[in-house]
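If you scroll down you'll find the structure; I have some questions about it.
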Amino acid sequence: MINKVVASAYEAIANISNGAVLMVGGFGLCGIPENCIAALLQKGIGELTCISNNAGIDDFGLGLLLQTKQIKKMISSYVGENEEFERQMLSGELQVELVPQGTLAERIRAGGAGIPAFFTPAGVGTEVAEGKETRTFDGKVYLMESWLKADFALVKAWKGDTAGNLIYKGTARNFNPMMATAGNITIAEVEHLVPAGTLDPNQIHTSGIYVHHIFEGKNYEKRIENRTIKS
Amino acid sequence: MINKVVASAYEAIANISNGAVLMVGGFGLCGIPENCIAALLQKGIGELTCISNNAGIDDFGLGLLLQTKQIKKMISSYVGENEEFERQMLSGELQVELVPQGTLAERIRAGGAGIPAFFTPAGVGTEVAEGKETRTFDGKVYLMESWLKADFALVKAWKGDTAGNLIYKGTARNFNPMMATAGNITIAEVEHLVPAGTLDPNQIHTSGIYVHHIFEGKNYEKRIENRTIKS
Amino acid sequence: MLTKYQIAQRIAKEVQDGFYVNLGIGIPTLVANYIPETMNVVLQSENGLLGMGAFPNEAEVDADLINAGKQTITMQVGASLFNSADSFAMIRSGKINLTILGAMEVSENGDIANWKVPGKMVKGMGGAMDLVASAKNIIVAMQHCSKDGKSKLLKKCTLPLTGLGCVKKIVSDLAVLAVLPTGGFQLLERAPNVGTDFILNATEGKLIIEGEIPEMQFD
Amino acid sequence: MLTKYQIAQRIAKEVQDGFYVNLGIGIPTLVANYIPETMNVVLQSENGLLGMGAFPNEAEVDADLINAGKQTITMQVGASLFNSADSFAMIRSGKINLTILGAMEVSENGDIANWKVPGKMVKGMGGAMDLVASAKNIIVAMQHCSKDGKSKLLKKCTLPLTGLGCVKKIVSDLAVLAVLPTGGFQLLERAPNVGTDFILNATEGKLIIEGEIPEMQFD
């Protein structure tokens, strides 16, 4: 098997430079590549375009890179729960392309699946449809949407092996598997890095072929955005 | 959880009638719904359109329904290794739509994913492109292909639970997961039927929402088409 | 006038045995509390879970298990997990029997607006545009009027739309209303002690009142 | 003239350390036997496996584990399984470094025909159309001529096409040839004891011979 292991987040992101287009996994703060984000913050790489469902919260996740103005443009579906994101968007400091969540997920999948465009009903008759081709199939109107790709995809998994195979846990899976397929270079950080052959081939969510660099992340905070307990 | 269990293949296929459009899982003889095919054979349901990557071999799998002329039309990618299939196609007795394997898989996925059409490079410049719209993206030509759906999808899994969740084994997964999503009614036969809650939610390949009827199949032959041993 | 809890309680009555249901953020999330435990209902959370369970107790809290509102949750027996592309494939496939959403405005032809107030507030559409474009059966949970008394049930939405002609039913703090295929809000039930004239005044869009309008019943 | 085993052996030299490779049915399948075990190469089987291993011994035979040629196989350490849609998504993504296919005909501009002889034989295209339309690097394993001596390396294919302008290299029983981007078959190597004139006679399409053409070397 081809060995994909690197020592650290710093080594993994070594080739990311100013102006790169990144995909960053996660939904809210769940399943985000904490180590890679911290390394981008520390290295101060700027002018980034980030494709990510959210931008974290004000002081965690991609919100950290918004605070430092390292992000030029966000492609996301949801801004809520992040005041700095909303403020920068409304003031025009930050370019934002808002995309319906299912369309975002499917565009990323398409990017990794060699499908340049597809039709979806989401957004017909709304701002999202402006400038886009529409077509009727079986009496229903659909929008044509195009694939999304990135220079680098940064994903977070629960377990990974040295061959780059990944298994996610719970709802921390979310956008990570599609993003792993759509990065020109894909960097995976995992909580548990194991030797190839340890994971059951039948349970792997992301095949190693998609992963270029993998490392075991450190000090996962896994902050909870909305801790809710049974009353 | 919603209970999807029926007693037998006969009960599961009770509503399939002459002229139905079926999706039938499997690649060669690997992962085919043996019990459902046997029940269709015994009930003598005819004029079927079958969407299936292959048509089994002469005396097993869908080949059995070709022998009895129960199939009017096949939508497949590969005819090889089945003389009766090739004979009926060349003689014109059987209508055949040949579709590139990846396009077939993606059209079925699209049928279950609410995507009426998408673009793929497979088949550009070939017979497959005749009558189809082409379009250029980033300098490369693509064909527009449309979704496939079926009245009934017949799939075979390794393990299933009473809520309809399925786990496949090895390469017997193949077309089964997409077909499960694209049937108006989906019937799953499994080698091992277990109570809901037994399977790890993180390892489920097909969510129960897609499965309408599930039963534990009997007497699996799992015939091997091309038994090859290390020399 | 109903509390948000009562709106949720009333909507729960629309849920039938054997339904797969997607609940939006806010009041819709509360609906889960009022679905009888004897009923076989499966909740989908669009961030990748079918079979959402109750909120966890302290020991069960898992940062890797949240719902679309980013709340910690548990899984029901028979649950399954999947990625976001598969989740929205499921939503677009039409296999979800009922979708419950919040709204800022609904028009008398069933258009819905719930994601943006130009120049003031942008939450983003999240999964709402996908949900409303694909769901066969959409019920909206909303306040009938804004805080300054303006109707949110309109002839035509004033805010940027989320989807066209998709809302089938509304449960507001004042009433239960069907959105007719031919246009117009048909009054089905009144909130306790709220008269039809009050509802008529609070509804800018066409309100259709036929015969006696019963009061909502709560168990 | 090379045996089919020698064709496979020669093609194996094109495989580089760290490659992900898809092998077609027939001669391409044999290539696996000649890849050095010291090399890190991962084979993709389009029916849903990355990391195909050797054929099984009797005890290992599993009806649920076959390759695209329906042969029983095993899995390499670090293998992963997936469905057919994900498998072809992987193929279309361009992550496969090398694709090796059989062919009935190849034209001098790199068109390939390998799935149908009208009125006589139809095997179907299987995954070949997807593979040739997506692969960055395609090597064809084929007989240079038909049994009755007609060239299969043509100006223009006579059989229904599988794909356009996609073949980069050919290893036949007579020669190794590059298909030039500008058109034409450039002769790279001769089979042992086969002269350039013989190859020229056996090639209907434009054959380009520049300088000395070495004989293939087998270890």
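Chains: A, B, C and D, in written order; residue numbering restarts at 1 for each.
The criterion applied here is as follows: contacts are C-beta pairs under 8 Å (C-beta built on N, C-alpha and C of every residue); 3 or more make two chains touch, one makes a residue touch a chain.
Given the structure is predicted, the values throughout are model-derived calculations rather than measurements.
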item: Graph distance between chain C and chain D, where chains that touch are linked; value: 2
item: Pair exhibiting more inter-chain C-beta contacts, B-D or B-C; value: B-D
item: Most remote chain, CA-based centroid, reference being chain B; value: C
item: Between chain A and chain C, centroid-to-centroid distance (C-alpha), Å; value: 28
item: Centroid distance [mean C-alpha coordinates] between chain C and chain B, Å; value: 36
item: Inter-centroid spacing, chain B versus chain A (mean Cα positions, whole Å); value: 33
item: Chain B residues counted as touching two or more neighbouring chains; value: 106, 109, 113-115, 120-121, 168-170, 202
item: Multi-chain contact residues (two or more partners), chain C; value: 49, 81-82, 88-89, 91-92, 134
item: Touch-based graph of the chains, sorted into line, ring, star, complete or other; value: other
item: Set of all touching chain pairs, with the criterion as stated earlier; value: A-B, A-C, A-D, B-C, B-D
item: Complex contact set, residues of chain A against chain B; value: 106, 110, 113-121, 135, 137-138, 140, 142, 146, 167-170, 202-203
item: Chain C-touching residues of chain A, taken from the complex the two chains share; value: 27-31, 53, 76-81, 86, 89-90, 98, 100-106, 108-109, 120-128, 158, 168-178, 205, 222-231
item: Parts of chain D lying in touch with chain B, wherever the complex brings them together; value: 45-49, 54-58, 61-67, 69-73, 81-85, 87-89, 91-92, 111, 116, 119-130, 133-134, 160-164
item: Footprint of chain A on chain D - complex, ascending; value: 18, 20, 40, 42, 44, 49-51, 75-82, 88-96, 134
item: Residue ranges of chain B in contact with chain C within the complex; value: 1-3, 109, 112-115, 161-163, 165, 181, 196-197, 201-202, 204, 207-210
